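What follows is a pair of complexes built around subunit A, which joins subunit B in one and subunit C in the other.
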Partner chain A sequence: MAECHPVGFQWVMEAKARGAEVFHIDPRYTRTSAMADAHLPIRAGSDIVLLGALIHHVLAGEHDFREYVLAYTNAATIVSEDFRDTEDLDGLFSGFDPATRTYDPASWAYEAGGDVSGAMSEGEHAAQARLHADSARSDQYGSGGATAHHRARTDPTLRHPRCVYQVLKRHFARYTPEMVEELCGIPRADFRRLAEAVVANSGRERTTAWVYSVGWTQHTVGVQYIRAASILQLLLGNVGRPGGGILALRGHASIQGSTDIPTLFSILPGYLPMPDARMHGDLDGYLAHAAGDTGFWGNKRAYMVSLLKAWWGDAATEDNDYCFGYLPSVTGDHGTYATVLGQIDGTVKGYFVVGENPAIGSAGGKAQRLGLAGLEWLVVRDMTLVETATFWKDGPELETGEMRTEDIATEVFFLPAASHVEKEGTFTQTQRLLQWREKALDPTGDRRSDLWFYHHLGKRIRRRLSEDDVDRPLRDLTWDYPESGPHDDPSAEAVLREINGTGPDGRALSGYTELRPDGSTTCGCWIYCGVYADEVNQAARRRPGGEQSPVALEWGWAWPANRRILYNRASADPEGRPWSERKAYIRWDRDQREWTGPDVPDFERDKPPDYRPPEGATAQAAIGGADPFIMQSDGKGWLYVPAGLADGPLPAHYEPHESPVANSLYGTRANPARREYRRPETPYNSARFPYVITTYRLTEHHTAGGMSRTLPYLAELQPEMFCEVSPELAAEVGLVNGGWATIVTSRSAIEARVLVSPRIRPLRVQGRTIHQVGVPYHWGWAGGGVVTGDAANDLMPIVLDPNVYIQESKAATCDLLPGRRPHGRALLDLIEEYRRG
Partner chain B sequence: MAERMGFFTDTSVCIGCKACEVACKEWNDVPDDGFLFRATSYDNTGGLGADTWRHVAFVEQFTRQGDSWLMASDVCKHCTHAACLDVCPTGALFRTEFDTVVVQPDVCNGCGYCVPACPYGVIDRRRDDGRAWKCTMCYDRLRGGLEPACAKACPTDSIQFGPLEELRARAGERLDTLHGAGVAEARLYGESPADGVGGDGAFFLLLDEPEVYGLPPDPVVTTRDLPRMWAFAGTAALSMAAAVALSFARRA
Partner chain C sequence: MGLGGWIARWPVYRQLTGADGRGAAARSARTDALRPRTAEADHVARSVCPFCAVGCGQLVYVKDGRVTQIEGDPDSPISRGRLCPKGSASKQLVTRPDRPSTVLYRRPHGTEWESLDLDTAMDMIADRVVATRRETWQQTFDGMVVRRTLGIASLGGATLDNEENYLMKKLYTAMGAVQIENQARI
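Right after this comes the complex of A and B.
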């Protein structure tokens, strides 16, 4: 965190100053480790073993926060008789189809019985799940809980052998401290210290927070890493309470914003799913499958209709399904890697690359560049001529003879972009906080903001539209943002106001509970509704922290509804009393009959703790007064996920796709549902690659370097591509500090300067020494940089998590050679030799 | 004269982000220091010089006693007794109303006397123009009522700026806190007016011996002995003159 989020790390330092104990778990000893009370070096890709062992420690010692667990989680819910665990199937869950390598999750469901409402039949469910797994749709299950019976059978004594609590106990029984030592390389004594600290700092009086970033997500089991942390935190009562939570650090200034109002193919603004051509005929069909009917997703029609009204205005009417049919639909995997492979195959003709540099920033660099070369046209918008814009004249494949400039037919349009100080707008950061920034200066020359670009692109396209029906969706779009200045810049505030939404009177809405399903309200992103409440740009508020409560509700605006801690109803006990005065946050005021506290309650303000939903209730009315997780269809925190994940209802440790280590836990080595692409452009490593390689960022640079290699003041601080190795590995391979190393995988070989440091510690894993090689990925061959170097991502495989299609760039294998790499044909020969070997 | 202003750099909370180095260069328009991979931990600027006025040292200590990675942002000490200022023949170096020591680039003639005079090896001549450059404690910002760029940019308040007396008191409290927490190796460096330079305007809290960070253990103002040296020289000259006179007298 100190490495990649130094500004946010000030709050860790603040916590430390108040006595917090900080553990850092990372393959390398980093700047974060230097500030931590303890650093636990871990083998990259083994975190579920560690988290699983912590869960085992909590369950075996009955350290769970039992009242919280009983009241707020699905621990007591009974799972279907058909469910088989990894314990029964040697690393597989029930429902796995080896032919398609996908799961049918029907058997993971809760046991039918008791009151079942609003659920699909099991057959329906299985068919849906297959489609959902095929288009990264698990997010809608995860947030909406499409199939969880909100009143499934339970056993509050937690003794039923098929209740979630017992299922967990059995599942995690083999995740022992010995296994942590054997697979993670973390000695038992260090594990014990961590486990005892986590338990001692959880419960009524204390809370523990987990902080992660792409070190947890960029794996073929990335989603299950986060699930494992969720289970641990729910068991310990560390969710929805001050000082608790699982904090995802986002990698750029507004990457949170770019998921809320997404640049992802599988969702619409506010995490509404994209329509799927194979299952959604019309708006009703879409809504039937979009999310649960109970909990706050039960208002999905209001969210969706308001979105359609924001986009198509008066053209959207009840009679035409509010223009639902204008929306594009997905037909399967349209993720970034599927897109790139489609470019190579010639099925993807055009590509917008905006503020990214996939030629060196995405895994499988050569495949990325082959994809670019296969396009008819390419638009790159950036502040500098990044490698993605120049691959056709100076890419590494020209030197090796794999490409010739004269053969590349891609028409490349480079459009200079304004920087963040040259435009106004909001950043949405890690805490879901929207902060407005003013424009400090005008962009020079032809540089324009992205907002200007899309606004004027839209205008130009609309000028060329025909009267044909095929152009109707674009003709009907509301595209009337006020313009100003010499370049007709559209008003960013007008866009923010459209996102906020308006009511029947045309005034800005003040919150998403005002949204209506009848077309009388508009809203560009339901979770952002309220950011322009009272016609005021709430994101621009800058009241200093010292002048208000520590929760600082008047600094910026956090979605949803300006809440700073999500699910904060859980900070009080079922009766609405704080679990302890020390950790008091939100409470039920009996006299005023409302929830109150320093934050905006994440609960209906006047719903009493003893509220019990009536039969047949939908939306929030179906959530009881003691059920804090209001986005879930049952209001519970899910220790066990009966549907919605592509690779199992519980996290299980699988080795990375490429690993020098066998899976000691199960006969199933790697995630059976991972997405592989067996193609010549992205081959996978054989067993001959002995070392673990992990990629990361440095404080001094930003991602693929477009914003840092170009700046002398940053470039001089880390001027050359390097790799970090332990003194032991350096001795084994013959590397010299300050010298050169060649790093080889079956994808490519790159060269890097050598930094030998005891900060990279060899680990004892399965009784032998495992070496890890650390490689930052900021360098590329050009990019307008004052410093250049080989690209780490050229080494990495294209193999993905099956839920969200993220690549496994945190754990793969490699070999090391002393000295610089060969060039030209000789480079290909070297790789070929490794592939054959 | 305004109150004496200074820096207290608490290295126990430095996270090595180098924001101070970058902010300093941005504000003061200091050129880059070259693009050299030094293979010395994460330090690639090497040390203070004409083109690096804040420098973060990285010291890796991995021993049986425990692991640590010390980080410390070094800077001109703005000495109470500043030898650079003493030896400057042009008056380019002067003491400001904030009791800081600043070079005026339009006056400096590049004679370089100040360079060997500095007991810390801070001030340096720039290769291309020959003039001497170093931290000004952002004199222009101070005159505008702003804190120096490095302190402003520091995310963890490792670099603290303020009236020197206040900083000394705060540093003493911080030292007590750390000692109370069992960090016995914590110590202040340059805070004492009794040291060889009369106390630094920019002082530090260190977690090891100064030498570990590349700081002199017992700096002394290099002009301290000048009067005595002049006295010796004078005596010697007089003796010589007397001897010469005597020899002539004898001949006469």
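Right after this comes the complex of A and C.
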């Protein structure tokens, strides 16, 4: 965190100054370690063992926050007797089909009679879950809430052998400190210190927070890493309370916004799913499957119809399903890696790359470049001439003879982009906070904002339309943003106002509870509704931090409804009283009959703690006054996930796809549902590769380097690609500090300067020494860089988490050779030799 | 103070009496006249750092139509005026002299970049979108209505503004393009 989010880390230091104990769990010793109370070096890819052992420690010692757990989680819910755990099936859950390598999650459900929402039969439910597993839609499930019933059978004594609490106990029993030592390489004494600190700093009086980044997500079992942390935090009562939570430190200025208003294949704005041709059909069919009917997703028709009205305006009427049929449908995996393979195969002809550099920044660099070479046309918009734009001229495949410039048929357009100060608009940062940027000046030359580009591209496309049905969605599209300035820039505020939405009177809405399912409201992204409340750009608010409370409600605007801590109803007990005065946040004011506190309550303001939903209630009316998790169909935090995940209802440790270590926990080695692409362009390593390789970022550079290699200030601070190895590994391979190493995988070999440092320690794993190699991934051969170097992502495999299709960049295998790498044909020969194994 | 006037301003005197040879000892008429670039700006824009997702406040100083300085915004309750090495370097992101400013075009099988007028480039791109969409249009797939093209894909960066992502998703979806992806998946 100190390396990659340095200014955010000041708040960790503030907490430490007030007595917080800080642990840093990372393969490398970094600036964060230097400031922490303890650094626990861990083998990359083994975190579920560590988290599972913490869960086991909490359960075995009954350290859980029992009142919180009973009231706010599904600990008491009884699971179907058809469910079989990894304990029973040696690392598999019930429902696994080895032929398709997918799960049928039907047996994971709650006990029959209480497991399925009214909209679907059990069979439909299972079929839907399988489809979800096949199109990365668990994200939608996660926020949309899979359809668990809000009144499933429970055992509040937690003694029923099939209640979630007991299922957890059995599942995590084998996650012991000894196993942590054996698989993570963390000595038992260090684990004990961590476990005791976590327990001591949880409960009524104290809270513990977990902070993670792509070190947890870029794995074939990444979603289950986060799930494991969720279980731990729910058991300890650390969700929805000040100082608690699981905090994702996102790596880009508006990567949160890019998910909320997604340029992602699987979702529409506000985490509504993309229509899936295999199950949706018309609007009613879509809504029946889109999310639960209870909880705030129960208003999904209002969210969806308002989106359709924002896009197709007067053309969207009740009679034509509000133009629902204009939306294209997905039928499976359309993720970025599948897209690249489609480019190689010739199905994808045209490609827009906007502020991104996949030739360097995506796993399997060669596959990326072969994909670019397979296109008919490519548009690259960037502030610098990134390698993705110049691959035909200077890509490494030219030197090896795999490509010839004259043979590459791709037509390339490079359009220079405006910088962040040359345009106005909002970023959504890692805390879900939207902050408006004022434009400092207009861009010069051909530089334009992406808003300008898409606005004017849309206008040009719409001038080229026919009268047939294929073009109707484009003809009817609302696309009339006011223009101004020397370049006819569209008004970003007009776009933000469309995102916010308007009511029947044409005025900006104040919040998503005003959205209606009858077509009388518009809203481009329901979770952002309120950002333009009172016709005011709320994201532009800048009341100085020193002039308001630390919650700072008048600086920018956070979704949803300007709430800063999500699920903050959980900061009070079921009766609405703070769990302790020390940790008081939101409370029920009995006199005023409303929730109150320093934050906006993440709860209906006037719903009393003793509210009990009537039979048959839907949407938020079905959520009780003591159920804080209002987006879930049952209002509970889910320790166990009865549906919605592609690889199991509970986290289980699996080794990375490429690992030098066997799985000590189960006979199943790697995640059985992981997504593989068996392709010659991106092969997988054999057992010949003995070392663990992990990628990371430096303080002085940014991702694929387009925004940092190009700046002399930063290039001077970190001038050269390097690899970080321990003195022991350097001695074993014959590497010298400051010299060169060649790093080899079955994808490619790259060279890097050697940094020999005790900051990266060999670990004792399964009784032997495991070495890890750290490589930053900021360099490339061109990209307008003041400094250049080989690209780390050329080494990495394309193998994905089955829930979200994120690649495993944080743990793979490699070999190391002293000296610089061969060039030309000799490079291919070296790789071929390794592939033959 | 008995010693006023020229003696107090005499460098030797200031160097002998100053604590460490810095501060007052190092002053001169020229340094006394220096003013920070920030004080001379024509206007200041309140912005946000474009690198990581912490969202540090930035103040962008502009003079004579040029960015002269970018500093941390002390009002921000998130960053309290601080910027990291990347944020501190972000002026160079805007002002570096080799930053591309013109459209470049590479024709199929071409060996060099060519220049192209922005307006022409926009028309050419629109032509290609319309043509590729038509050529690759799928009304149905496996007997199901899908109304889409798998011929056009997009990969967007995560430094795009929300408004930009919104127009992208809206336009692509109306076009029927579904392979719309982002760094958020990576």
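The rule is simple: the second predicted complex is superposed on the first by the 831 of 837 C-alpha atoms of A that agree within 3 Å, B and C clash if a C-alpha of one lies under 4 Å from a C-alpha of the other, contacts with A are read in each partner's own complex, and residues count from 1 in each chain.
Keep in mind that, in the parts below, a contact is a pair of C-beta atoms (placed from the backbone, for glycine too) under 8 Å apart; a residue touches a chain by one contact, two chains touch by 3 or more.
Since the structure is predicted, the reported quantities are computational estimates derived from the model, not experimental observations.
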Fit or clash between subunit C and subunit B when superposed on subunit A: clash
First, second, both or neither for A:545, with subunit B first and subunit C second: second
First (subunit B), second (subunit C), both or neither touched by A:757: first
Subunit B versus subunit C as contact partner of A:10, first or second or both or neither: both
Which of subunit B and subunit C A:699 touches, first, second, both or neither: both
First (subunit B), second (subunit C), both or neither touched by A:712: both
Touching partner for A:422 - first (subunit B), second (subunit C), both, neither: second
Contact breadth on subunit A, by residue count: subunit C or subunit B: C
Contacts of A:73 with subunit B and subunit C, given as first, second, both or neither: neither
Overlapping contact positions on subunit A, where the subunit C interface meets the subunit B interface: 6-7, 10, 699-700, 712-714, 717
Footprint of subunit A on subunit C - complex, ascending: 43, 45-57, 60, 62, 65-67, 70, 74-80, 82-90, 92-94, 96, 98-109, 111-113, 116, 118, 121-130, 132, 134-137, 139, 141-142, 144-186
Of all residues in subunit B, those that touch subunit A in their complex: 13, 15-19, 21-22, 25-26, 31-39, 41-42, 44-45, 60, 62, 67-71, 155-157
In the complex, subunit A residues that touch subunit B: 2, 6-7, 9-10, 13, 29, 31-35, 39, 698-700, 712-720, 722, 737-738, 753-759, 786-787
